[in-house]
Amino acid sequence: MTKERVAQFKEERKSLNEIVMKYSTNKIKKFYSLDARIYKEETLPKKIKELIGLAASLVLRCDDCISYHLSQCYEHDVTDAELEETIAIALIIGGSITIPHIRRAFAFWDQLKNGTAHGV
Amino acid sequence: MTKERVAQFKEERKSLNEIVMKYSTNKIKKFYSLDARIYKEETLPKKIKELIGLAASLVLRCDDCISYHLSQCYEHDVTDAELEETIAIALIIGGSITIPHIRRAFAFWDQLKNGTAHGV
Amino acid sequence: MTKERVAQFKEERKSLNEIVMKYSTNKIKKFYSLDARIYKEETLPKKIKELIGLAASLVLRCDDCISYHLSQCYEHDVTDAELEETIAIALIIGGSITIPHIRRAFAFWDQLKNGTAHGV
Amino acid sequence: MTKERVAQFKEERKSLNEIVMKYSTNKIKKFYSLDARIYKEETLPKKIKELIGLAASLVLRCDDCISYHLSQCYEHDVTDAELEETIAIALIIGGSITIPHIRRAFAFWDQLKNGTAHGV
Amino acid sequence: MTKERVAQFKEERKSLNEIVMKYSTNKIKKFYSLDARIYKEETLPKKIKELIGLAASLVLRCDDCISYHLSQCYEHDVTDAELEETIAIALIIGGSITIPHIRRAFAFWDQLKNGTAHGV
Amino acid sequence: MTKERVAQFKEERKSLNEIVMKYSTNKIKKFYSLDARIYKEETLPKKIKELIGLAASLVLRCDDCISYHLSQCYEHDVTDAELEETIAIALIIGGSITIPHIRRAFAFWDQLKNGTAHGV
């Protein structure tokens, strides 16, 4: 896992989303905007919503979704302990089949922390 | 959905777990005890761990797991708003395929609240 | 499978959706309305959209979703042959794990056809 | 779980398969016959094939498939220890989300053993 | 995503299928031939069968299957509008967890259209 | 698929597990040790446990888990015929959506056999 993985992930995501928008009508666009809105801070703090999103992405085993929620967790000051407790819940619920994703999740987290700053 | 559903759920769960234990060796038993331990309050409050467990169970679409976490959420004073926000995250991640489970989840929650007390 | 299953399915669905709406804010409601809109006839005929929804529900193995799309297929004059071809695709993609759902799907279809009319 | 569950399971399965056959063309029928053929004893003993089918059904969380493979395991003299070891593998791979199915699996096994004979 | 992705996808698929055939007996081969047969035009047009296969592959989140059905859709003159409507159904059913696959699907479609001809 | 894939797979797995351990408390560690223990030879031979693990990983479609169990199968002298029979069961249960993983599984097996020795 090279040092550039975080930046590369964000770049690719942005460029692919542009292609989605080129082909999408209002339906897919509405889904995207509802998706963004549901994670906004309400009664539950933003940080907790991102941990919930992370756990759901882990048990459904989607690396891109996991990386996205990890980067959001990092931006909202999730601690190592909070992350580990959330991942442990996902592991016990989802079983060993989630382990390859958990390995990549911790490696991505490690990379996020070793970047230079929040704006990475 | 009859009024007795909550009690019936707990009763059946208990009686089936006894059959599991009759056949289980140390392996399955260790899994059960690790499972219990992972939800204990640490840095994350118990309530948040249960909401995470609920969201993971919703996207994996397991009614019994959903009912269990809902009863734990109820015992730990999760509010309607916290529940709705968590379920909305599960819905957007997991899609409309989760809706039948979300219907039953809110119906079970309604039943939990209409029971007489925490000890239900 | 009793003769009343179709009516009972629709009744329960309606009554549970009322409970969902009681607890839902704008987020879940927006999801519901986007869901309804996506199945409206556009370039693809309504009937084809329902067959697509049916196949997706079959491979994801959700009985309630399958029953719903079957009732829509019936309302929009899907033929037995079109249904069987769609189910065969779902079976080959999703494997034998879908068979219990396919059994219940054909039984529900049989019941829809043996009802008195479109308004069942 | 009443004493009649095993017989009822076999009866319902048979009656539903008749409806499937009523609507099926050669495609679904070929799938059924390939399915039957793959479980026939070859290099791997029939018993092992059924344990493999059971584990796969457990991690995919399909109660009907689990019950079917359990009844086959019972017919082919799988021991309690072999069953428990197989279920432990499914549990660690599939996680706690499989537990409700594992509960019902052991209960069904218990019922198979408490029936009168192999011909149950 | 480089310009050669479509050709590379087809090349790798062919070369890997040769290894599968080297190890396969009649069982796996029969599955392959039943798979091919089920997508042949019958009452439903070939194009519709491919859209159904695409939607099922999207909700099950298999990139290779998605790419395969997209290339079939392209060969059978699916329009951008038909594709977008099908993908919108898969998105609402399967949820945001399908978005990374939908991004790659539109990018692959874009590449198919920018190739020189149907024989790409 | 280059000749070095097997060695590379083992190397990456080891290096990522070190990152997991850096962040893990006792909970994730206990899961890892229970996981190792469940595959130890008991009544069922080690070889059979690995075939069961392989089939479960195939239907859940996790390439890393599949590669791991394949390398264990190779170390414990699973034959081509035993492998093919197990994969055929996974294919019929899991459907054509497993085919891309089955392709990569046979390619990985081919590579394991073409390595120099058991210690690969």
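Observations on the model:
In order of appearance the chains are A, B, C, D, E and F, and numbering begins at 1 in each one.
Please note the rule applied: a residue touches a chain if its C-beta (ideal position, glycine included) is under 8 Å from a C-beta of that chain, and two chains touch if they have at least 3 such contacts.
This one's a predicted model, so the numbers in the text were calculated from it and none came from an experiment.
Under the contact definition stated at the top, the chains bordering both chain A and chain F are B, C, D, E. Shared contact partners of chain B and chain E, listed by label: A, C, D, F. The interface of A-F is repeated, with over half of its contact pairs matching by residue number, by E-F among D-F, E-F or B-E.
The greatest centre-to-centre distance from chain E, using averaged C-alpha positions, is reached by B. More C-beta pairs touch across one of E-F and C-E than the other; that pair is C-E. Of all residue numbers used where chain A meets chain B, over half belong to both copies. The two sides are thus made of the same residues.
With each centre defined as the average position of its C-alpha atoms, the distance from chain C to chain F rounds to 38 Å. A separation of 32 Å divides the Cα centre of chain A from that of chain C. The centroid of the Cα atoms in chain B and the matching centroid in chain C are 27 Å apart. For chain F, the set of residues that touch two or more other chains comprises 27, 31, 34-35, 38, 56-57, 59-60, 65, 85, 88, 91-94, 96-97.
Partner chain B is touched in their complex by these residues of chain A: 34-35, 38-39, 42-44, 48-49, 51-53, 55-60, 65, 79, 81-82, 85-86, 88-90, 92-94.
Listed in rising order, the residues of chain E touching chain B in the complex are 59, 91-98. Only residues 27, 30-31, 34, 37-38 of chain A touch chain C when the two sit together in their complex. Every residue of chain F that touches chain A in the complex is listed here, in rising order: 13, 16-17, 19-20, 22-25, 27-28, 31, 35, 56-57, 60, 62-65. Contact residues of chain C toward chain D in the complex are 1, 61, 80, 83-85, 87-88, 91-92, 96-97, 99-100, 102-104, 106-107, 109-110.
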